[in-house]
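The same chain A turns up in both complexes below, where it pairs with chain B and then with chain C.
Moving on to the complex of A and B:
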């Protein structure tokens, strides 16, 4: 049978996608869709769907990329050119597989729910009526040993946070910043975490303050995620965060070890853009 | 920029090539490869000179082990120099097709191997680095490649650009594999509108007009026999 549907890079019929997005207030724009009232731009790419939001006052250039952990949803700040923007990225395959078909059979609309999830969490809100997965169901998706990352002499133990208003994966990358950590060392650590947050989708980095001190953490916050995406996005996120912890553990350990003298780390890192020819 | 300043190498013997009878290994388990005596001796020779903070020293030793293991299991790689004193510096020959052109208008010729100089500095473990800051093609001269600076243009160093920015803590063996796929044109970036990556605009335009030369080989780094 000939496929007469309109071609779309999103792996989903363009006309169908446009219909859903237009019903949510989006308008078609070059390479994607825009929700002008929220300053949002959606690009349904082949590998990732990205929602980008123009910078606001709180995100003005010079503002920190790293936020306190616990913000609901996948939003994070990333560098874009010389400035900062907010980004919400989701693997495209999750929106075009049996998840979407199942939801549509049940009279629900996964794309619409996902966009609503992004819109609500952009404002720091959890979608009404949302609940995290049941513990028994959650445990069937992965092995608890996957919350342990070992790389040589480096070991980190992660956690799954399931509260009525939070569902997140969190790994400490530096469990406790030592009191003697110099501003230069902390700047190196910040640059490392910012690079990770910029480079890898889903992953968000931040400083977690507790009565005992401050730790540097990596997290993927799935609070508010539509039910049809629960399992696939959780499994994908777990792999992503394990990969990032594995990658960053060794340098983070070094930066946080104040017993290791280093001339390089005595001064703050250069943060000049490195793109371009030598 | 010359990543290999004139300094006497700590170990410079050309090492023997791999022989048959290796046990099965893949590129993600190089740290588990038991080095044969001739490779182990090289590591023992350079290890005492590895200076710097302990995490950096440890990292250099681990990277040296992996590079030697790669040379041991692959017929493609021959290490010629290894120095762990400050930055991790090595020079090695890679058997692979290398695009070259003599002069501005000469025909494309394909050399059978390249000698690469690789420098991995301490800061590369901790922060993202420009993609041109790791590898220089020491030979042959006249490499004709979109992502390699031309030897006929000052300063004459044939720097290889592996991307706009490479992530912190990138593995040294990954750089070797990236160099292989880049030089053999299995991966190539020749968009002139993207200033990152293209170091030879003439070569970028030439390969855009002559795409039949891409790639120069489809062979993986390890032969099926080496990988099996």
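Moving on to the complex of A and C:
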């Protein structure tokens, strides 16, 4: 049988996608859609759907890339050209086929729910009526051993946070910053974390302050995620964060080791941003 | 020969080790390598900790390793969190996991 569906980069008929987005207030723009009132631009790419929002120049007060862990949803700050943007990225395959068809059968709209998730969490809010997955269901999606990353002598234990208003994966990359860590070393560590945040979608990095001290963490915050995406996005996120922990672990460990002497690391890294596109 | 038995969990002793990071001393069975393990997350399975310590000690990677609490002689259960089985400041011995006939 001939496939008569219209091709689109989103894997959905373009007209159908445009109709859904227009009903949410988006207007068509070159290469994507814009929601002018929120300053948002949506690009439904072949691999990733991205929502971008410009937050200001490098010198503006809001220019810090690393955020405090726990902000609901996938939003994070990344470098884009000479400036900084807020970015919400989602694997495009999750919005295709089975997930979307299941939701449509149930009279819901997955694209609409996903955009609503992004809009609500952009303001730091959790969509009304949202709840994290049930513990028993969550446990059926993965093995607990996947929360342990061993890479040679490097070892980290991650955690799944399921609270009524939070659903997140979190791995410490440096479990405890040593008290003697110099400002220059910490600045190098920050640069490494920013690099990771820029490099990988879904992953967010930050400093977590506890009564015991400060740790550097990686997280994927799925708070507010539509129910139809729960399992697929969780499984994808777990793989992504494990990969990032592998990638970051050894250099982060080395930078945080106060017994390592280095003339280079005694000097703060350049604060001038390097051009790069996430 | 005395059988190696898993170390029992001691709930009363756990509260302290669960709060913060775990620090302990580890050595291999020959005493050649001694490592001060710092900032070990208490929730980490003991088996994973043994694997990572063996790597740090450059011990053969193709051998499964286990840890024994030096003061009690109890073998740590590899799938249980290390913080449930060790107290801060403990000493452990890393041994190859082998069946001896």
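Here is the rule we go by: the second predicted complex is superposed on the first by the 256 of 278 C-alpha atoms of A that agree within 3 Å, B and C clash if a C-alpha of one lies under 4 Å from a C-alpha of the other, contacts with A are read in each partner's own complex, and residues count from 1 in each chain.
Going forward, a residue touches a chain if its C-beta (ideal position, glycine included) is under 8 Å from a C-beta of that chain, and two chains touch if they have at least 3 such contacts.
No experiment lies behind these values; they were computed from the predicted model shown.
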First (chain B), second (chain C), both or neither touched by A:137: neither
Chain A: partner with more touched residues, chain B or chain C: B
Touched partner set for A:150, first chain B, second chain C, both or neither: second
Partner chain(s) touched by A:191 [first = chain B, second = chain C, both, neither]: first
Which superposed partner A:212 touches (first chain B, second chain C, both, neither): second
Contacts of A:159 with chain B and chain C, given as first, second, both or neither: second
Chain B versus chain C as contact partner of A:15, first or second or both or neither: neither
Touched partner set for A:172, first chain B, second chain C, both or neither: second
Footprint overlap on chain A, where chain B in one structure and chain C in the other make contact: 152
Chain C residues touching chain A - in the complex, by the definition given at the top: 19-21, 39-41, 43-45, 48-49, 51-53, 55-56
Complex contacts: residues of chain B adjacent to chain A: 1, 52-56, 59, 62, 122-123, 125-130, 132-133, 149, 159, 161, 164-165, 167-169, 195-196, 199
Residue ranges of chain A touching chain C (in the complex, touch as defined): 145, 148, 150, 152-157, 159, 172, 175-176, 212
Sites on chain A touched by chain B in the complex: 152, 188, 191-192, 195, 199, 247-248, 250-251, 253-255, 257, 260-262, 264-265, 269, 274-278
